[in-house]
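Written out below as structure tokens is the structure these notes cover.
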Amino acid sequence: MTVLDHRNDPAAAGTVPGWRPGATAPRTDPAPLLPDPEPLRVLGTPAADAADPALLRELYRRLVAGRRYNQQATTLTKQGRLAVYPASTGQEACQVAAALALRPDDWLFPSYRDTLAVVARGVDPLQALTLLRGDAHTGYDPRATRTAPLCTPLATQVPHAVGLAHAARLAGDDTVALALLGDGGTSEGDFHEGLNFAAVLHAPVVFLVQNNGYAISVPLTRQSAAPTLAHKAVGYGMPGRLVDGNDALAVHAVLTEAVERARTGGGPTLVEALTYRIEAHTNADDATRYRQAEEVEAWRVHDPVRLLEDALRGRGLLDEELVADAAERAEQLAARMRAEFHTDPELDPMSLFAHVYAEPTQQLREQAGQLAAELAAEAEVHGR
Amino acid sequence: MSTVVSEQHGLRTGTMAQALNLALRDAMRADKTVHVLGEDVGALGGVFRITDGLTAEFGPDRCLDTPLAEAGILGTAVGMAMYGLRPVVEMQFDAFAYPALEQLFSHVAKMRNRTAGKLPLPITVRIPYGGGIGGVEHHSDASEAYYAHTPGLHVVTPATVADAYGLLRASIASDDPVVFLEPKRLYWGKDGWDPAAGVEPVGKAVLRRPGTSAVLVTYGPSLPVCLEAAEAAKAEGWDLAVLDLRSLVPFDEATACEVVRSLGRAVVVHESAGFGGAGAEIAARLTEKCFHHLAAPVLRVTGFDVPYPPPMLEHHHLPGVDRILDAVARLQWEE
Amino acid sequence: MTVLDHRNDPAAAGTVPGWRPGATAPRTDPAPLLPDPEPLRVLGTPAADAADPALLRELYRRLVAGRRYNQQATTLTKQGRLAVYPASTGQEACQVAAALALRPDDWLFPSYRDTLAVVARGVDPLQALTLLRGDAHTGYDPRATRTAPLCTPLATQVPHAVGLAHAARLAGDDTVALALLGDGGTSEGDFHEGLNFAAVLHAPVVFLVQNNGYAISVPLTRQSAAPTLAHKAVGYGMPGRLVDGNDALAVHAVLTEAVERARTGGGPTLVEALTYRIEAHTNADDATRYRQAEEVEAWRVHDPVRLLEDALRGRGLLDEELVADAAERAEQLAARMRAEFHTDPELDPMSLFAHVYAEPTQQLREQAGQLAAELAAEAEVHGR
Amino acid sequence: MSTVVSEQHGLRTGTMAQALNLALRDAMRADKTVHVLGEDVGALGGVFRITDGLTAEFGPDRCLDTPLAEAGILGTAVGMAMYGLRPVVEMQFDAFAYPALEQLFSHVAKMRNRTAGKLPLPITVRIPYGGGIGGVEHHSDASEAYYAHTPGLHVVTPATVADAYGLLRASIASDDPVVFLEPKRLYWGKDGWDPAAGVEPVGKAVLRRPGTSAVLVTYGPSLPVCLEAAEAAKAEGWDLAVLDLRSLVPFDEATACEVVRSLGRAVVVHESAGFGGAGAEIAARLTEKCFHHLAAPVLRVTGFDVPYPPPMLEHHHLPGVDRILDAVARLQWEE
């Protein structure tokens, strides 16, 4: 018998002289921080009957439009109109719910895969896609819609969301920040540092991890050995929530609750949404190298649009008018995308030197002069 | 650019550490959006006491002790700046800024550019840098070359007590991100200065000592060494000018070229490793711009291309008066 | 009522069509990963009666020597013989137990505060202290005692320990790596990345966080909002253990168990030891700026040496012989330190250029030539 | 240094990507301590397919898909090297190596030095670098200057298919850490080469084209542009030599100086930002060593000092033939 066998011996408790109460643990009760063992599901359960029909219809319209958006953007890559597109096909419930859970004066911090959330938030689709078209890094004014630039270096947007939320709280505003990231992103140091800052600062911020099972080719089992990614919340002292990411109603409910808690001074929440990326990582990726067709097919059955349709049908809400209206809006969005991406953008090469600094340095002015001269010479050669 | 006003008037005497502390205090008084954050900047006042008393005067929200995570600190500052604040970040030592380099290179330096001017980040990143204080490994790196090579950052470094105040005020007031490099070994040097003298924007080099033979081009921790060398050079018959760059970015090419053209001989001095150091840029640029005025190649006196040595050996590594004079001697005087 | 109120409705479970079992969570049961709510204590409890007298005596001798070591090193800073010393006074139980829990062929990854653990592992005290004396970065051969260099950049040693443990396992060796760090270090991204790698690789590594309540001036409450730091383990899928860090027997037991689990293929463990740094952060620090004398005094009562003494006394093991033997060994160690630090080291300036690369580059040879010439000229001036 | 033997014989034709893949394969066959690790290097074979088939041949322990954390990857490699392995780390893109810079600067570069030679770290860090492939932001950085300024690192970059094989084999065999920079836009260029030709150690520049008028000094992605420029220069009456440095550290000063001294005119060409770039070191060093042989200052043609632009604008940023010829024209031919 080792001394460890006495671990749970009640006689041993509290008998240590001089043990300082301030040093005892836990400082907070971990139980409420732990996620439920099963992800929250609403659609297809009795709980869905309680859902507001207007919300269901709104989610439906937006999911249908979102699916169409993903299809159209993917088509644009095939036509060479977009350089690259990381589709959120299959993840539309997360994208739409993220946008709907926020107020206009809240801030969204999207990753490269979240253009749909950005568009759902009100950013023009053309502007949302300039990064991926290749004509500008960020095509929209982040302040106008309180939507941060699409973030590519993984998890680096997490501390940004925390800092903004903290600043808002200091200013006395009840603004909330919502950061989106993927399962792979949770492995980065910036995720850890950001969540820890959020909890220590008690900042009004929500983290939504869209766990789509893969970071490019790397499956979740090679990414983390945690019971769930939501369990990471405990280590920061914030609640962790687990939700079926293809259940639009469930994601919306969990995010709405977390945003509300943040808004009313309850601090940050980590939400893990279980979902699946139906397409390859981007159009440049070959997903057959690392996953089986059967797996994709199984997830196609658990489709966010279909799940919502079924629920609407069950409630007798899927009438012809709604279906037609949703389809029409989706087609309008796609048509606008086709029209806007039909022509090549007019770009000013001199814009290279704009916005490096508030005032260009002398050497940048010199370099700009050099480029201008080159362009003039070229124009002369081409007889323009 | 935020307002730069000092409530302090008249000449005073103090250390560079005190001048930096006053600059922070005055900046925070003048502008409520200025927030300080970093490790131990609160009750302790920072390990170098540069933030001493700020939490007492402005409260823990304005001068915030953060958790121990440099990328987290700088990333949080990015978010704060996006919401309209003007964060001043303290990195505890130069080598401990490395965990934050991704945030610095990929976001801080680029955010204005990647948002077409919509999201400027007026962040000042204060980094105590360089050696000569007997610091153990990782406490004496001089990493200015990494920052100077990164478009979008300003890189500022004071060498005098007055500049410590003035350049820090100007950096905090700048609407661009500034890496503000504080020469550790000059923290405790005293001098007289007038906080109310007015603050120039960053980007102007200054001739600390006129001369007729050659010019020593330097910045930050190496300025006092260069002034000492110039003094010692008199015995050898050289009258050396000393130019203090004050900022590597913007680089005051006009002022530097003027001196180099007029004297025809120059030595660049800094303590960080020579290979690919800031001195390479300075020498290459001055050579290109002043080629036909040069009587000798622009020489460099720098730290060796080795990891920073342990305290008991650092004096062999750091450029000293003799090494500078050796270089001056090689400026081909015979012709 | 919102849809969330149905969260725990059993009728809702398992009714979602198409939900893929592979996607359900948790993948592992979190319960065994969670630390006990109270730190393990053995000394002063009935469990101590089961402890091996030889182990108790050995711990006692080493704790007494460790305390003396800390005192002597602190004295050396006052005499200017050490440039800086981060004392582990008050943390000797952790230091000694860490060294004793390992086999000689295991690896220790210490931080700057862990010179005592390094010495307890068999490194010569003079060699262990060159970093802090200022004559060399690492004074000992890490391979000789399987003790990594003292690590200053916080938490960066964590992935090193993981990589070494992983490599050992691949080689078929049953070597274990033990990484030491502080409470503050747990906030760094490298801590997170290292622990995640360890769990995913199932590497034979143990992490000991000496939570001494402060990271320089920053108290734990500003560092983390977690119930305990040990709770972070859950988010990686490894067991978290909480222990009274001033209870040498408890720390030894917890570490021995964790090392054994790692050695036998059970994967990594995160151990949090609650302790206190009695001295300032280093001799250069002024701890009165950030903590109260009463707090220090309260911790002096809960002293690791005293707790062990009391236990030995209770078992009738604290005889004169043991006390004298322990004191003598401690004095011998201190005397050796005084003797060895009495003289200044002879240093070769040309060593600057040694070991930058396996073969010096041409430019390093040139620079070495320059320094040699300078030194020769200097020697001439000084008439040597 | 580990053994370098190729089982492959005879001339073959392939892309640089294939040559790199074969180099990894041959290195892993020749030496069981060579382990590959990184993001997506397993089943996917890396996003550029450089590690294609390695997991199939050597198993997932030898070619390991890691969690997504660059500091964790490099830090883990440090520990593996301490236990006697020879890790080859893949960073997915240049800007995604930044999270690992602390591990690189504070440990990888310094470990041999800080342990007085006791713990050398034979780690190769492969980093696809540079632009010209239409990559969106953060996918086209060229960060060689950061590495070249860090004592303790070797910095190697191939520009031909044969060098891709030979230099990668030599880098993996080196007992020092090597940052191995792979020019992304040359990955798919085909050429003939003989893997059995033998592997020289790193550190030798090579004259890719002799010439009599001036020399273009370059490396990595800019070599083909320089060769094209040299071809185009014939029409202007210039016979340009082209020197491929192959490694920035070690820097082959002897070879570079020999060419520059014999021709008296040189232009350094690289695509990363000019200010504080590798070209600054090259120009400053060549000037210092060859001053009296120079008919004109050593000029630099580099990317502008701006964040890497979006794909549709990158051709304006990258040095092209015309910009190089403009610089050649400024080499003061009139005298």
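Brief remarks on what is shown
Should a chain be cited, it is by its letter among A, B, C and D, assigned in written order, with residues numbered from 1 in that chain.
Here, a residue touches a chain if its C-beta (ideal position, glycine included) is under 8 Å from a C-beta of that chain, and two chains touch if they have at least 3 such contacts.
In this text, all values refer to a predicted model and were calculated from it rather than measured experimentally.
Chain centres were defined as the mean of their Cα atoms; on that basis the chain farthest from chain B turns out to be A. Centroid to centroid, with C-alpha atoms defining each point, chain A and chain D lie 36 Å apart.
Taking the mean of the C-alpha atoms as each chain's centre, chain A and chain B sit 39 Å apart.
Along chain A, residues 136-137, 153, 187-190, 192-193, 196, 200, 222-224, 351, 356, 361, 363 each make contact with two or more other chains.
Multi-chain contact residues of chain D (touching two or more other chains): 66-67, 69, 71-72, 95, 98-99, 102, 106, 110, 113-114, 137-138, 151-152, 249, 251, 275, 304-307.
Taken as a graph of touching chains, this assembly is complete, with every chain in contact with every other.
Partner chain C is touched in their complex by these residues of chain B: 39-40, 42-45, 47, 65-69, 71-72, 95-96, 98-99, 134, 136-139, 275, 304-307, 309-313, 316-317, 322-323, 326. Chain B meets chain D in the complex at residues 71, 95, 98-99, 101-102, 105-106, 109-110, 113-114, 137-138, 141, 145-146, 148-152, 248-249, 251, 273, 275-281, 283-285, 287-288, 291, 296-300, 304-307. Listed in rising order, the residues of chain C touching chain D in the complex are 107, 136-138, 141-143, 148-149, 153, 156, 158-168, 170-171, 177, 189-190, 192-194, 196-197, 200, 351, 354-358, 361-363.
Residues of chain A that touch chain D in their complex: 83-84, 130-137, 152-154, 184-185, 187-190, 215-218, 222-224, 284-286, 289-290, 345, 347, 349, 351-353, 356, 361, 363-364, 367, 371, 374, 377-378. Interface residues of chain C, counted against chain A in their complex, comprise 1-9, 11-13, 15-20, 22-30, 33-48, 50-51, 187-193, 196, 199-200, 202, 213, 221-228, 230-238, 242, 244, 247, 249-250, 253-254, 256-257, 274, 276, 295, 298-299, 301-303, 307, 310.
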